[in-house]
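Residue numbering begins at 1 within each chain, and the chains themselves are lettered A, B and C in the order written.
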Amino acid sequence: MPVYTCTAVQSTLNADTKANLAAEVTRIHSMINHVPSAYVNVVFHELPPDAVYTDGQPAQPLLINGWVRTGHPEAQSSQLVAEIAAAASRVTGIPAKRVLVVIQNSPAHLAIEGGRVLPEPGEEEAWLREQKEVD
Amino acid sequence: MPVYTCTAVQSTLNADTKANLAAEVTRIHSMINHVPSAYVNVVFHELPPDAVYTDGQPAQPLLINGWVRTGHPEAQSSQLVAEIAAAASRVTGIPAKRVLVVIQNSPAHLAIEGGRVLPEPGEEEAWLREQKEVD
Amino acid sequence: MPVYTCTAVQSTLNADTKANLAAEVTRIHSMINHVPSAYVNVVFHELPPDAVYTDGQPAQPLLINGWVRTGHPEAQSSQLVAEIAAAASRVTGIPAKRVLVVIQNSPAHLAIEGGRVLPEPGEEEAWLREQKEVD
């Protein structure tokens, strides 16, 4: 269901670091938002040095943009963004001051996966049960 | 007006498939959301195999993110996302279980094209007429 | 805090143009939304010619997507998008009819930078003061 898009300059993240960050983001999202890890996507955009600017100058931030379904409880969303941000620095070694995590959302009924409209937050179990019956 | 961003691992989509998917997404959006096809943008991000993860493992999903103006009727938006998702599998041959389509939106007045603020949904005709008078 | 993502076909923008556009977007955002320029990020995605379509055909638009915190006054947001769009054409030489600027947003409490939840619009000064005390 969710998609996390991580943007960094090339060579900032090596192959192991990407795999480790993808694993951590997946674990955290799955745990906090009650989604099986099989539904968590993490994508990396690694761009040339002259394609990323902070303060109008070439820079090396780590920008993480997560898309989630609208309607998760606020405390849950706050915990989610905090743990993702902490994991980003912990896994990559990039200091927190260069890490920006943003969560965006749209209504579950505006997303389709596996040919089915996504469930509202809190209704995942019934949705997953139906999916299994189809498989 | 809209922008559809398709993300896949390199070699998942060949040149013909990309062109065909762009054409189908354009046709569907134009028909359902009443926007001339000249205003529909489709972008492909094709990433290395170690840049896309599902369930914490390298994977080959097709992730489609569409941006549309806020305010389309709900039934129209539901039809839009359903038809885009169906077309994605039909055109690419990627099974539905690996396809995720998400529609995001923001208010028309927060978008500018051709130097003019976008029209609210339903007000496209007057906007397009004015555009023609300028051309 | 904000992230502006500019998408264009490769060779549309040379190195100088990217640097100049990043500088202008940063200056404009900082001035209008009252954020120090050190917090403005600009990213460029430069894609192959067969990866960008308008009207179902390969095309060369300049697509700019900005993420900002929810809650800025509406007049401020309108000015922001207008000045970004004008700057995009002025700096790159790409005619306005091929430029699309879209601003998206999500609540400040769903974003973390420098290890801290972002301030609501209007509360930047206190947030920045606290940041300085930490540094």
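As a working rule, contacts are C-beta pairs under 8 Å (C-beta built on N, C-alpha and C of every residue); 3 or more make two chains touch, one makes a residue touch a chain.
Please read all numbers here as calculations on a predicted model, not as lab measurements.
Novice: Can the chain contact pattern be summarised as a line, a ring, a star, a complete graph, or none of these (other)?
Specialist: Contact pattern: complete, every chain touching every other.
Novice: Between subunit A and subunit B, how many degrees of rotation does a Cα superposition need? Round to steps of 5.
Specialist: 120
Novice: Averaging only over C-alpha atoms, locate the centres of subunit A and subunit C and give their separation in whole Å.
Specialist: Here the centre of subunit C sits 21 Å away from the centre of subunit A.
Novice: Would you please write down the residue numbers of subunit B that are in contact with two or more other chains?
Specialist: Residues 45, 104.
Novice: Any idea which subunit B residues touch subunit C in the complex?
Specialist: Residues 1, 3, 15, 18-19, 22-23, 26-27, 37-46, 67, 104, 106, 109-115, 117 of subunit B touch subunit C in their complex.
Novice: Quick check on the complex: what are the subunit B residues that touch subunit A?
Specialist: Residues of subunit B touching subunit A: 7, 45, 47, 50-56, 58-59, 61, 63, 65, 74, 77-78, 81-82, 84-86, 89, 96-97, 99-105.
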